[in-house]
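In the two complexes that follow, chain A is the common piece, with chain B as its partner first and chain C second.
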Partner chain A sequence: MLDVVKSGVNFLANPPVLLTLILAGFFILFPINERCLRWNQRLGLEAIWTRRGVIIGGVLTTLFLLFGISDPNFRAVVMKPDNAPIVGLIYLVPFFLWLAMKQAVENDRRILDGKKPNEYHDPEDKVLVWPDLVYIELIALVLMTVFLVVWSLAIDAPLEGPANPTTSPNPAKAPWYFLALQEMLVYFDPWIAGVVLPAVIVLALMAIPYIDNNPKGQGYYSFRERKMAISLFLFCWLVIWILLIGVGTFLRGPNWNFFGPFEYWDVNKTLALNNVNLSEYIYVIGLGMELPKSIILREFCGILLLGAYFLGLPLLLARTWLNKLLLDLGAMRYSVFIMLTLIMFALPIKMYLRWLFTLKYILAIPEFSFNI
Partner chain B sequence: MSKKDATWLTKLRESQVYTSIFRMGIPKNRRERMLAILTNVFLHLHPVGIPKHAAKLTYTWCMGGLSFFLFLTLIVTGILLMFYYRPTIEYAYGDIIDLREQTPLGIMRELHRWGGHAMVIAVWLHMFRVFMTGSYKKPREFNWVVGVVLLVLTMFMSFTGYLLPWDQLAMWAVTVGTNMGAATPLVGVEGPGTALLSIGDVNLVHSGADARFALLGGRFVGDAALLRFYVLHCVAVPFIMVIGMMIHFWRVRKDGGISGPL
Partner chain C sequence: MSTKVPEQPDKTKSNAPTNEKGRRHFLSAIAVGWCAFAGAVAAMSAGVLRFAFPNVLFEPPQTFNAGAPDEYVDGQVSLRWKKKHGIWIVREGAQFYALVAYCTHLGCTPNWQENDRKFKCPCHGSGFHVSGINFEGPAPRPLERCHIELSPTGHLIVDKSTRFLHEKGQWADPASFVEV
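Right after this comes the complex of A and B.
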């Protein structure tokens, strides 16, 4: 019985299964447009953002962790000292997500009723920082100190054997806060996963206030007034950043292979990897001929696909689904927004291409180390 | 209270020394409470009064404040660690072992390491809160940008500190991280387009002159990398972060104080 549960969890944690389940539900849970919002309401999902929701969620998470710790493989990974912050994230991120969404849902209701958000008070009615704020800060500071001291007394800072350039640990992991980037390395070359994508993430974060010209929802928690902005941001932050950190920490073992939470980290686990480039699919497998000598001819399809994705799709979307957005944002903001969004979605797209077709590169020009 | 009943504590409060340091006693009325903030160099980071919602934990989560507090904790514990730690591959690992073995109840390194992790999380959650309350919107756009820079610097601080214990975890995590530098387009030896940058047969960018070499001061993680990361971690990045924080806090005030509904 227990084994069935464990293998079930192992199966669900498999990145293709996990991501598919999440993609199926995410934009309903955090509705990106009116239609998704209607589905959200039909399913009564707002009940999650209530006190009962957070208690049930917290209890279930704790029960799962307690159940998991009884398993030696689960324990070996989750109880590792350096994984303490990520175990903390399992509670902290959902809790603060709940805290934000709870207030957002309450404010949404107030606004629908024509009332001001809960945060609103008469501008003349201020409180003095001494003592109303300084005592909160003092308490927070004392609690944080106590928490850090207890944490430090309880768990030794991790220290392994002395650095040895001749033997590398398997798996060699980046610090936990960069594991999402290391996870992207599975699907993209280092120049994309390690350089371009981090740079794009930072630039995209900086660009947010200049793209989002919706004046509503400033200074109070809300969702419905800013559906698209919040939904997309949460997708990046929760799925592409936090979830991939979790996957990288708990589910990636030797040789960066996938291991379920209840699976033994077997160094000898090997997966047959016969990843094929798009050009090989077309010429070698499809047409049964050799790859053409000319790079342009060989990579014709890849160039065409990327061109369609990054140039054609923005234009198409601007004329169809996103027409209203284009009018709201203007051409400049729209272009930046759609480029960043397409780059973001390129990651799950490449993941699925890899899982479904064992596709290695869409565009492969190893002559210039330029592979996408 | 008559002069006769005055305890030593009240006497102390009235002494010339005490009153010269603390301009006022415990604030008793509105005016004195305002002065308590205004006359204290640390407290006057704050305005005198704030909107009611801003004093609620459910609005701010206190995450910005905690990030700053953790930064200060890390400076204090970091300075203490610097007394014991020597950034050479000969001594580094041994000094860390000594910190564990020779100091009774020594938790400075633990405080520093866990505090660093906590700060990364606190900064992320602060960003999340600011996004969810729409506080990045006009007129606070630029301060959000400054915040993103501080977020990146926080993670860079954590990353540079990761190497210093000079254990296997440190060395290989930094190897994985800095190998990315070698893949930078045009300026990394394995990056796309780098092969194009050559004069005749001479490559302008090679493993002895590329982005990874600049990060490590060498072709691999060695003595030069340890020193470089040490200086970045203890001096260079904190220096930039302090300047960034000055701008960040200043702009919170100048861009209209804490965000709130209009």
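Right after this comes the complex of A and C.
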């Protein structure tokens, strides 16, 4: 019985399955448009953002962790001192998400009833920065320092032997906050995943206030007044960043293979992966000929596909689904917005291409270290 | 605004000469101050930059003697020089070549896995055949080979400073392997 549960969890944790389930449910849970919102309401998902919702969620998570710790493989990963922050993350991220969503859902309801949001105060009723705010900050600072000191005393830092450039630990993991980047590196060229994408992430965060011209939701929590903005942002944050950190921490084992949470980290686990570039698929496998000498000819299809994705798709969407958005944002804001969104979705797309077709690079020009 | 502005004594007119002097003085003081600050910053950066050129540089020799060819078993990847020099020596029949143990993705050190007969990188899972050709994971290029030759005494001499890249067709270069 236990084994069935464990292998079931292992199966669900397999990233292709996991990501598919998440993609299927995410935009219903955080409805991106009116239609998703209707589904959300039909399924009664707003009940998650109540006090009962958070208690049930917390209890279930704790029960699962307790059950898991009885398994030696699960324990070995979860109890590792390196992973303490991630175990904390499992509780903290959902909790603060719940905290914000609860207030947002409440406000949505008040606004529907024609009332003012909860945060609305009499304009005369103000709080002073000094001492009111600064005191709170001081207290938080002291508590945090105490917490960090206690933590560092209680758990030994997981130090290893002196560094040796000719031996990499197996698996070699980045610091936990970089694990999402390391996960991206599995699917993209180091230039793209290590330089371009991080830069795009930072620039995109800076661009948000300039792209988002929706005046609603300022100074109070609300979801329905800014569905698409919140939903997309949460997708980046929860799926592309937090989830990938979790995957990197708990599911990546020796040789950077995937392992289920209840699976033994076997160094010799063999996965037959034979990654093939798109050009090889077309010329070598499809047409049964040699790769053409000329780079342009060789990468013709890749260039075409990327062009369609980054140039064709925005134009197409502007005429169809996102027409209203284009009118709201204007051409400039729309282009920036759609580029960032497409870059973001390029990651899950590339993951699926890798998992389903063992596709290595859509555009592969190793001669110039340029691969996508 | 209909409120009255209280009458202010007109200082600008009466004290014009002294004010002008004060402003000049202030400006030149600022200029001197900024120049001094810029000078200090420049000197400090020069000092920091100096660290990039150490007086003594420890650089292990790029060339090493890998022993006699018959110390290597046919069809095996020799891990003998991996720790010290970061080189795998592979023998295939009469042919010897030296692979650089440096992943072409981001530079981790892959591990040789005898049961799968592949090099597997622990960082993002790139895999390479015995020949060094990349076949799984994100590594965009095959592993690099380096210069190997037979010394007059019949020893294999490996020179890590000369590299041969497959994607440039350099593995056909006779300096990239040794035939005994």
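As a convention for this text, the second predicted complex is superposed on the first by the 345 of 372 C-alpha atoms of A that agree within 3 Å, B and C clash if a C-alpha of one lies under 4 Å from a C-alpha of the other, contacts with A are read in each partner's own complex, and residues count from 1 in each chain.
Definition applied: contacts are C-beta pairs under 8 Å (C-beta built on N, C-alpha and C of every residue); 3 or more make two chains touch, one makes a residue touch a chain.
Values in this document were obtained by computation on a predicted structure and should not be read as measured data.
By the touch criterion stated above, A:Pro190 is placed in contact with chain B and with chain C alike.
Annotation for chain A, partner touching more residues between chain B and chain C: B.
Within the superposed three-chain model, A:Lys126 lies in touch with chain B and out of touch with chain C [touch as defined at top].
In the superposition on chain A, contact of A:Ser294 is made with neither chain B nor chain C. Of the two partner chains placed by the overlay, chain B and chain C both lie in contact with A:Ser369. By the touch criterion defined above, A:Ser70 lies against neither chain B nor chain C after alignment on the C-alpha atoms of chain A.
Contacts of A:Ser168 after superposition: both chain B and chain C are touched. Of the two partner chains placed by the overlay, only chain C lies in contact with A:Asn257; chain B stays clear of it. Contacts of A:Asp212 after superposition: chain B is touched, whereas chain C is not reached.
Of the two partner chains, neither chain B nor chain C is touched by A:Thr320.
The intersection of chain A residues touching chain B with those touching chain C, taken from the two complexes, comprises 164-165, 167-169, 172, 182, 189-190, 194, 367, 369, 371.
Those residues of chain A that touch chain B in the shared complex are 82, 84-85, 88-89, 92, 96-97, 99-100, 103-104, 116-121, 123, 125-134, 136-137, 140-141, 144-145, 148-149, 151-153, 155-165, 167-169, 172-178, 181-182, 189-191, 193-196, 202, 205-206, 208-210, 212, 214-222, 226, 230, 233, 237, 365, 367-371. Against chain A, the residues of chain B that register as touching in their complex are 27, 30, 33-34, 36-37, 43, 46-55, 57-59, 61-62, 65-66, 69-70, 73, 89, 93, 96-97, 100, 107, 109-115, 117-118, 120-121, 125, 127-129, 131-138, 140-141, 144-145, 148, 151-152, 155, 158-159, 162, 165-173, 175-177, 179-180, 182-185, 188, 190-196, 220-222, 259-262.
Interface of chain A with chain C (complex): residues 164-172, 182, 185-190, 194, 254-257, 267-268, 270, 273-275, 358, 360-361, 364, 366-367, 369, 371.
Residues 82-86, 101, 105-106, 108-111, 113, 115-116, 120-125, 127, 135-138, 140-141, 167 of chain C are the ones touching chain A in the complex.
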